[in-house]
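Chain naming follows the written order as A, B, C and D, and within any one chain the residues start at number 1.
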Amino acid sequence: MSANVYLPKLAQVISVKDEVGGVRAIKTFRTKFLAEGFTHRCGQCAMLSVFGKGESMISISSSPLVTDYLQFSILKMGRVTSAIHDLEVGSIIGIRGPYGNAFPIESWKGKNILFAGGGIGLAPIWSVLQTALLQKKDYGDLTLIYGARTSPDIVFKEELRDLKSKMTVHLSIDVAEPDWKEFVGFVAQNILDKKPSAVNTIAITCGPPIMIKTCIKALSEIGFKDEQIYTTVENKMKCGIGKCGRCNIGRHYVCKDGPVYSWAELRQLPQEY
Amino acid sequence: MTEEFEPKIVAFLCKWCSSAGSDLAGVSRMEYPANVIPIQVMCSGSVSPLYIFEAFNRGADGVLVSGCHPGDCHYIKGNMYARRKLLLVKKLLEHLGLEPQRFQMSWVSAAEGQKYTQVIKELVKELKPLGPQTKLRREHHG
Amino acid sequence: MDKILAKKDFSRWLEALGAYDVYAPRLIDDVWNYELAADPKAISLDYPQTAIPAKKIVFPQREFFFEFHEADTDGYELKELLPGGKPAVIFGVRPCEGKAVTLTDLVFGGEIKDDYYWKRRNSAVLVGLACASPPSANCFCLSVNGSPHSKEGLDVLLTDLGDHYYVEALTDKGKKLVSEAGAVFHEAKPGDKKAAEKIHADSEKKLSRELKNIKDVPAKLKGMFASPFWDDESMSCIRCGICTYLCPTCHCFDINDEVESQSPLAGRRVRTWDTCQFPDFTMHSSGHNPRPDKAARLRQRINHKFQYFVEAWQNYQCTGCGRCITLCPVGIDIIKVVEKVRDHVS
Amino acid sequence: MVKHEDLKAEAKKLLESGTIKYLIAYERNARDGKAIPVFIKKPEEVDKITWDPTCFHNLVRFVVDEKRRKARQKNPDTRPVGVVVKGCDSRALVILLQEKFIDRKDVRIIGVSCETTGVIDERKLAKKLKGQKAKNIEFGPDENFVVTTEEGTVNLPASEIMADRCLECIAPIPVISDVLFGEKTKRSTPHPFGSVDKIETLSFEDRWKFWSEQLEKCVRCYGCRSVCPMCYCDECVADTITFAVTPDTTADEKALKIKWLDKSPVISENIFYHMVRAIHLAGRCIDCGECERACPVNIPLRMLNKKLEKEAKLLFGYDVGFDPDKPALISCFRDEDPGDFIR
């Protein structure tokens, strides 16, 4: 098979989990390559192909240390993602990648890591979080501050429940609900409320664009310097290899030079994302 | 025996009259060629030019829009709007070079099962000599 | 050694190129374009600028990536559709388009190669024609590190000496092309060389337009990202794709699936040109659009060519061919816009 | 003769009094002496205004842009915009009023009569000048254009270099305006559908050969749609590049949206796009000829719309763009509309 970069490798869906129902449905898929596939690093993405519909760039949410499947959590958004949501176990899907840079997780050894996620933003964080958990001794303490619009919108519900035993987890929902005990408000407000220490800590924040902007402001307020804050940028992508010219911010092609950026790097680029 | 060309005709039939007319033809066991792919519409006035262009784009050899006689329209004047709009479509298609027989209109009421079969027979007879419609058809190779 | 080709023997060279798909400029409905040459005798290289640049042969507007169809084992079979057929030889490529191809090479090259582009690019032979006089009213190649007789990206450079061409074979592909009909060419005499060099020198003085000292335009652009300058400049833009589709260095593309039959599913993944001037180029499926209006898109077109590409490859992504000026329906002039950026006082 | 001073004086009056937000007019482009659209905000800039045979743009296109821009602004300046319109352009305004896309109070119309001539066709002029570059073109006496090139000035008969749209023009005088410049001369147009009649003499096969060759050249740059004042849909049904999506558009709406044609510039998709555009311009196209001028590969697009304009006139007695209160062509009918083609 030539290394033709546009030719997807075929993979089979081995498990489908309904994370969130309703109009903004989210499902988590695990896929296994039919022939030889590829390995990835935390934060990298892959182009998922549904033949006849098109392609969509999705971040790989499983840890690179997990080798027998690739996991993708997908929000039902448009033509391709809706087609992916119709797939069942056993369906065949095209995958090409891995694309983009990765979180520099090796350079964070010995540091604490704070994860600030919103809605589907937990997916790109999950690969880093799982990797850090599997190498717990190499890292300081891990904290997750995660929020969603409503409690049904929370992703990885079961995993979050048994995560509480391994690391500090603060959840939040935007609007109060009768039996909701934890924080009510936006993730950024939750950060200001919990005030995690910025000493020797790396912060990663992913989610809708407005959430990222408010969280970065909140993190800066509680002492995080620009180089300590990392995020991923979601732009429309078609080729995934920095050729089709679509996803650029300034001279950077997000699909190749991103999607992972430190706030120190991102704030130098034109604010066009 | 070389296989004789059988034109594929997409027919937009108004639910209130022509479609009922075609049902009457079927119920009465009337014989007529099976070249038609019927699409029921609420009124001939609701047939957008897009449907007609799409039918030809997907390979239809002929398109028929059949509605109610003037005065019979369930929505009073839908067929009158269709008469004007689809004549413009017909003129445009002919301007581009599509043979006039390929796009036609007819008035067929719910009671005219016989006329429906007559219209289809004539249509097939006129389309057969023209052969397959390759002008507006979507090609995939090359 | 350089060679001489009598114009009357030109068609004999073409006739010897059976192994190639021969493209040459042809006039159809008052518009010149590179077309497959039907009759070698009818080709003449006396023509102004083509509407669509030579990029359309190396990077065609529509290209198949692969075929997919549903296999019976409820999987899919993919059939790669790499470009094949005879190599292309393109006659009459202007030096600005030759250089443009070297710029698209940078984009499609790098550590991840685009096989489709390179299959055509590696086999294509570009026969340039030096511009004795500017082919368009808006040529400014000299202002963007180019020249009317530059050899960049070309395999052969012809210079019109009146009744014969001065032929310089520049690359192996060029030398091979010349050797296809070696007998037709004669050794160039020193007088011919001097004549050609004189034409080259003279042509530099005849350029129709220029864009002076734009050294610090990239830095200026960096500071003007949020300036209302872009709203005023883009007021008359009508958001069509002419300036980018017909630009020799624009390389943006789209990838879509075209379905031939639904069940069993069969179709092709197709690459087509795309342009940053269309709203859906950057629009997320949520409706969020980082470039919501035509001011942002004009800014992107200018920044990409005079800042981002310069930062990435130390070269302007504009070779001064002037098509976007000539063909813009509302007269937006990239030279004027860049001059205003140069003189902009924030 | 329309005097530039009158135009400038009117513009200055409107700008100084603040009745208009800005004026959309023509300015001479120093590069090649031809007119380009200009947006004049301050009274002292009125000297830029020109009126000459190269004012071929239909400026009503920018009235449509203004409406879109106003819709996006939080508290927009609701004063009207001034716009200079020729006879054909003014009928584009009539259509926008007829379709309630704009209100009469949104525009302050400065009408300019083409009198007995019109605007040039750049390609005809270039052929006539055989390589020389025109530096300046003015209206001249008794239906001549005064063309200045490097070699000097020459009087060319207008009819030889005028655009087809003007040779077949049925309304040289603006049908709607707040102020009108130039004589209201009557003009007889012997064959207003001349270009279309040529096609009708061809057989169906020859017509198809002509149109398939022409529309195969289309590169789908959408210059024809972008330059057209009648093409103001937020989301074009034929080939949406705008796709009006809001945060609460559901995924299913987006997924189930019909993709009428492929993005590939092949004959079947090109012709589908051009047919949809032509049929959507039936009874709306006022033949300003800008689509044909903007087309970089020179496809005779006018002839598609002109055909439907002719049919609307002959079959339905419908005149396009003269009366803002009349219903649209396809939202009215007459009992005596032809029906002989119906079985």
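Note that in this section a residue touches a chain if its C-beta (ideal position, glycine included) is under 8 Å from a C-beta of that chain, and two chains touch if they have at least 3 such contacts.
Quantities reported herein were computed from a predicted structural model and do not represent experimental measurements.
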Contacts common to chain B and chain C (chain labels): D
Chain separated most widely from chain A, comparing mean CA positions: B
Separation of mean Cα positions, chain C and chain A [Å, integer]: 39
Between chain C and chain D, centroid-to-centroid distance (C-alpha), Å: 31
Centroid spacing, where centroids are CA-atom means, of chain A and chain D in whole angstrom: 49
Computed distance of Cα centres, chain D from chain B, in Å: 35
Contacts with two or more other chains, residues of chain A listed in rising order: 77-79, 81
Residues of chain C whose C-beta touches two or more other chains: 254, 256, 258, 267, 283, 285-286
Touching two or more other chains - residues of chain B: none
Complex contact set, residues of chain B against chain D: 49-50, 53-54, 57, 70, 77, 80-81, 83-85, 87-100, 104-107, 119, 122, 135-139
Residue ranges of chain A in contact with chain C within the complex: 2, 4-8, 10, 34, 51-55, 77-79, 81, 90-92, 94, 209, 234-236, 238-239, 241-251, 256, 270-273
Contact set on chain C toward chain A in their complex: 65-66, 68, 74-76, 78, 80, 82, 107-108, 110, 112-116, 225, 251-257, 259, 262, 265, 267, 269, 274, 276, 281-286, 288, 290-291, 296, 300, 303-304, 307-309, 311-312
Chain A - residues contacting chain D, complex: 23-25, 76-79, 81-83
Of all residues in chain D, those that touch chain A in their complex: 250-252, 254-255, 257
